[in-house]
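Accompanying notes for the structure given below.
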Amino acid sequence: MLEISDLAVARGNRALLEGFTLRLAPGDLALITGPNGAGKTSLLRVVAGLSQPAAGVVRWQARALLPGDPEYSQTRIYLGHQAGLQADLSVMENLRFLIELQNSEFRCEELAVCLGDLGLAGAEHVAVRALSAGQRRRVALARLQLTQASLWLLDEPLTNLDADGQALIAAWLGAHLRAGGIAMIASHAPLASSAPGRCVQVELGT
Amino acid sequence: MSSTAQAMLALARRDLKAALRRWGELGLPLMFFVIVVTLFPLGLAPERDLLGSIGPGVLWVAALLASLLALEGLFRSDMEDGSMEQLILSPQPLVLLALVKALTHWVLTGLPLVVLTPLVAQAFYLPANATWILMLALLLATPTLSLIGALAAALTASLRRGAGILGILVLPLALPLLVFGARATDLAVQGQSAAGPLYLLAALLALAMTLAPLAIAAALRISVD
Amino acid sequence: MWIWFHKLGSPPHFYRTAGRLVPWFGIPALLLLIAGAVGGLAIAPPDYQQGDGFRIIYVHVPSAYIAMFGYVAMAVAAAVGLIWRMKLAFAFAAACAPVGAAFTFLALATGSIWGKPMWGVWWDWDGRMTSVLVLFFLYVGVMALRSAFDDASKGDRAAALLAIVGVVNIPIIKFSVDWWNTLHQPATIAKFSTPSITMDMLVWLLAMVVGYTLFFAAVVTMRLRGEVLLRERGARWIRELAAHA
């Protein structure tokens, strides 16, 4: 259960959000839309714990979040604009590091299957430098499958993805929600989810 | 093995691997060190007495400047590709990850400097026992320098023009290292016991190991926000 | 206490209160500085070794004291800002830095002017002067770091962290410089031993120290009002203030 109450988010001297309140139960999806500069990224960063809110609290499982909360860190996954992949390392080295960092267990077979789904079969040992922007995005998204996070915080996950990639992410999202996960996604493009749960449309900047 | 220790090892491994794949950059601070040191005899006069007396100071100042050169990139790539966000969001204590990053940086820049020192010391006709003391002093001082430097690099990590400020931040804080390090070398050159300043360097290292990671972690959170 | 604290933390209230405080600091500061200057320069007896040259202590000693006092005040404000996320504390730290740096520079300059007749040179690697020089570098670092950030709140926090790190380091730096200085003591250092100060000299010095402190308080308060206006620009109360002015 994710509860955001009376959240105020500011960037520099400018208030982006005030009195923002949202409750997400297992299986819920929050789709955050709005024009550029409306505060979609800032909101996700606050919920992730990267930025401090100007006011208000974020609660996870009824506990207010403090910076660096280890339990919360293990259950949420945040994918921002940048993929978080080191260009000089290979796909496998990058993912293995990120997954071990998350305290999840890394399995080579699992990675091979996941990369196959992503259309990157056999790319384990390719340096990230050699991948296209869309391929890098796919590698970053592989973490969604390889860790057992129950809260997904995704900032424009569909950027640079082709139609196949977008369909795949929608399918993953559906499975995640059906399994009782929660997702908060900032996106320009509508993300069709086949999940049975609630889909909250949050329009910022209006 | 606990998962934190495992993650710390994974971070060290990743940083070392990434650095070794860009090995060209690794050599630059070392080359800088060697060149600065060779400039002094050329700028002064190649007299043994003169060089012997200024040698310890010159070597320490050169080591300080060389390590400054390598600092800028310490968090740069992590900031640019978004890895820093993932490090901060990970369940591992950021303080320990910061310590790993600083020590990995030391292995890549400080340690080679220590290894290179006996060669460079010859330019100043340092006697053999003084060279050993110099190496020992550098071995104690360079990790502290890496920790102080990592703090300054963390504070300036989100700045586009951080390099100039880096020097202003690091050098005053590194002044005690210069004082004790050069003194230890000086004492050894004069054939006296250098234990006093060496103990002080060790004390500074212990202090930096405990306090600096806290500050580095706080600075990284500010930089990423 | 907490209500008071909270009320003072609100910018419009603070702005008004601080405005009323300035003369309370400024007028006694002016009186004490005049008294100290006249007393120190004209009334106090000349030093039996240094003659009238010693009179520069009436500027030098209070400046050096404000240099350190200002840094500590800045670091305490920085810590308060970081811990309780109080914006006003960051504004205070930002207001302190240039004033403290100016007094540090004044301490260095007067020390150097004093050094010329006493040591025969403008600069001597004296332990105290060297640590004040490092203190000046620390001030410059804090100010440079704050101004390097586009995002003022990030700049505030980064500079605050650096100020605290500096405070932890100052004793270490001071110790190392003193240690270094006792080893390299030049032979021709001073013509005088530590001068013992007599009562009729000390009174004026104390007047100057208190006067400097009040002057520092007045200037920082004025700068702090400026900082508050700058940081709250665009807020409604400032527009109302401007409309009434």
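Letters A, B and C mark the chains in the order given here, with residues in each chain numbered from 1 onward.
By our rule, a contact is a pair of C-beta atoms (placed from the backbone, for glycine too) under 8 Å apart; a residue touches a chain by one contact, two chains touch by 3 or more.
Just so it is clear, the model here is predicted, and its values are computed rather than measured.
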Review point. For chain B, which other chain has the most distant CA centre?
Key: A
**Study point:** Between the pairs B-C and A-C, the one where more C-beta pairs touch
**Key:** B-C
**Study point:** Chain with minimal offset from the mean of all protein Cα atoms
**Key:** B
Point to revise | Interchain centroid distance [CA atoms averaged], chain A/chain B, Å | key: 37
Revision key, fill the gap. dist(centroid_CA(chain B), centroid_CA(chain C)) in Å evaluates to 32
Review point. Once you find the CA centre of chain A and the CA centre of chain C, what distance in Å lies between them?
Key: 48
Point to revise | Shared-contact residues (touching 2 or more other chains) in chain B | key: 225
Check your understanding: For chain A, what residues touch not just one other chain but two or more?
Key -> 52
**Study point:** chain C residues touching chain B - in the complex, by the definition given at the top
**Key:** 82, 134, 137-138, 140-141, 144-145, 148-149, 154, 157-158, 161-162, 164-166, 168-169, 172-173, 175-177, 179-180, 183
Check your understanding: Can you name the residues of chain B that touch chain C in the complex?
Key -> 151, 155-156, 158-159, 161-162, 165, 168-169, 171-173, 175-176, 179-180, 183, 200, 204, 207, 211, 215, 218-219, 222-223, 225
Check your understanding: Residues of chain A touching chain C in their complex?
Key -> 11-13, 52
Exercise for review: Flag every residue of chain A that touches chain B in the complex, lowest number first.
Suggested key: 48-52, 67-68, 70-71, 73-74, 76, 78, 80-89, 93, 96-98, 100-103
Revision key, fill the gap. Per the touch rule above, chain B residues touching chain A in the complex are 3, 6-7, 10-11, 13-14, 17-18, 21-22, 77, 80-83, 85-94, 221, 224-225
